[in-house]
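We just call them A, B and C in the order they show up, numbering each chain from 1.
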């Protein structure tokens, strides 16, 4: 199991957001995490990304424990959130160079070239990120996340604010990444899109995983119906 | 609602009694000092308040470190209570010092090491409280406050030592009795006894107030928790 | 749009680079990034410089800077200027990270978080030194005071290091509060007093040509302060940036 979470509790002051959540993912799975607003999806992803410290419980990723081995966990993670995490005054190339240096990516120059080709930004490599549209920034952010070829990718609502073209491109990249055996955990509101991509659907509500199913389990059924049922139950 | 523990009630009563006793000692038991007369009596309370102020700062610093290590909210409550109370005690100490200074040194304020350090400590307390006010998340508030208190408690002794490289006119009653300091006086034994008694009294008052404040904070947290549950 | 999906996978077991080299590389990367960003936007340096010049100008009007007074107050005026300009730079430097969520990007680096502290501190120090390098000659010219004293430069550097070491830590806190802009000076000045005092006194001693026995205690104080606070900041930075 590449991700293992047991009895995860996360509290902000007295307010519990995650209440004893259990979650495990095998290598190569593509898990779509769905749930209503405020259910704790973003908080959960932040805990997995080591950006938030668990209040109680065990979290291990790629064999490393959080929070004690956090920097080793981070080496194996690529994160895309709804903020681009990019520096507007640097070019696309420079942004990737910066992150590449921090991750000690080998043959950085060639790698950056390949990544820019992957996300379709090769022609804009020397343009300041400030001048990019939202869709382009998100694409570059994905490039940043895959730069060091991490085994686990975390996406938090990556489709937010993207136009159709960018959405299609993101789909393609996700399929490619998943196709190469990388593990993906993605939160999304777009159930239709997610139904085509993921190998597993988990519903997060009231701070725990309330229900889980796979495309086989759904059969001819609709993810939306399953989701509504899980929330009602 | 959990009522005050019996120890706390006793402590509160004791504080009041000790304080009254201290007043009696200061006004009737100690002799009048030759040059300064009644003004000198301010001295007992000034030193006691200053002592408590510093004690509070140390308690706050230790509580802060304890929080950073354990992430237990109790330490944060203790730290905040210590800072609030010390703020007030130190303020009183400064004001009493000023009242004494006016007839003795003919000035309300001087920039000598102790006074300047006192002013800086007050500013650090206020800064810490302002910092806490600007943060909503309790855990973050506790962490930041602990770090700042730690930074402050390291900086203040260095500040004091560095300002001491200057000459001082602050009376050095205990310690280095340099001929440069004016306004110091020899302490006779009733004075010394009263002084120690006042120090003890104010320490007890400090602990009592600290306890009350921490208890108050715990009750407030309980109320908030209940509110959360209902909402 | 055609997108190539033939991105080669990196070899499965890249030998993990040593922790020290990752640490140093991250620091250098952060410094490079900050300097590059500043060269493009010039928002930090221009603000700090203009502000510093204004402060010096205001001092001219508010203090009688005739020759004897000037000798006495030069170091004080200079350090007040540096302190205020420094606060501007510190605030802005952390705000840039916070506002676009870039701080998260830094926090995702596979390295001990104190590397980020050191990186930011070195960049902040660089900016402060650049401003000082410009202000010192300007002051010399405007007030006809010779400030080209190697001792003075050394003291300025030591003092700036101490100021920025504490300032970066406190700025990281201040930027996460609601009252961010006004909070940093309130937090920083009381605890930076030893640095400011020692720098002023040492500078004064150097300018007035005092014996080194009068100056060295202040320099020692600066060194002690720098060491203590770099250590404290480095140890507590993680608690300040995590959630």
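Points worth noting:
In the analysis below, contacts are C-beta pairs under 8 Å (C-beta built on N, C-alpha and C of every residue); 3 or more make two chains touch, one makes a residue touch a chain.
Since this is a predicted model, take the numbers as computed values, not measurements.
In terms of the stated touch criterion, the partners common to subunit A and subunit B are C, listed by label. Highest C-beta contact pair count among chain pairs: A-C. Of all the chains shown, the one with its CA centroid nearest the global CA centroid is C. Ranked by separation of Cα centres from subunit B, the top chain is A. We define each chain's centre as the mean of its Cα atoms; on that basis subunit A and subunit B are separated by 51 Å. Per-chain CA centroids place subunit B at a distance of 33 Å from subunit C.
One inter-chain figure worth recording: subunit A and subunit C are separated by 35 Å, centre to centre, where each centre is the mean of the chain's CA atoms. Contact of a single residue of subunit C with at least two other chains is seen at positions 243. Looking at subunit B, one finds that none of its residues touch two or more other chains. Those residues of subunit C whose C-beta lies close enough to touch subunit A in the complex are 1, 3-5, 7-10, 14, 16-17, 21-22, 25-26, 28-30, 32-33, 36-37, 40-41, 100-102, 104-105, 107-112, 242-243. Interface residues of subunit B facing subunit A in the complex, by the touch rule stated above, are 137-139, 221, 224-225, 228. Remark: subunit A residues 12-15 touch subunit B in the complex. Contact residues on subunit C toward subunit B in their complex (touch as defined above): 166, 169-170, 173-174, 176-180, 183, 186-187, 189-194, 197-198, 201, 217-218, 221, 224-225, 228-229, 232, 236, 239-240, 243.
Within the complex formed with subunit C, the subunit B residues making contact are 68, 120, 123-124, 126-127, 130-131, 133-136, 140, 143-144, 146-148, 150-152, 154-155, 158-159, 161-163, 165.
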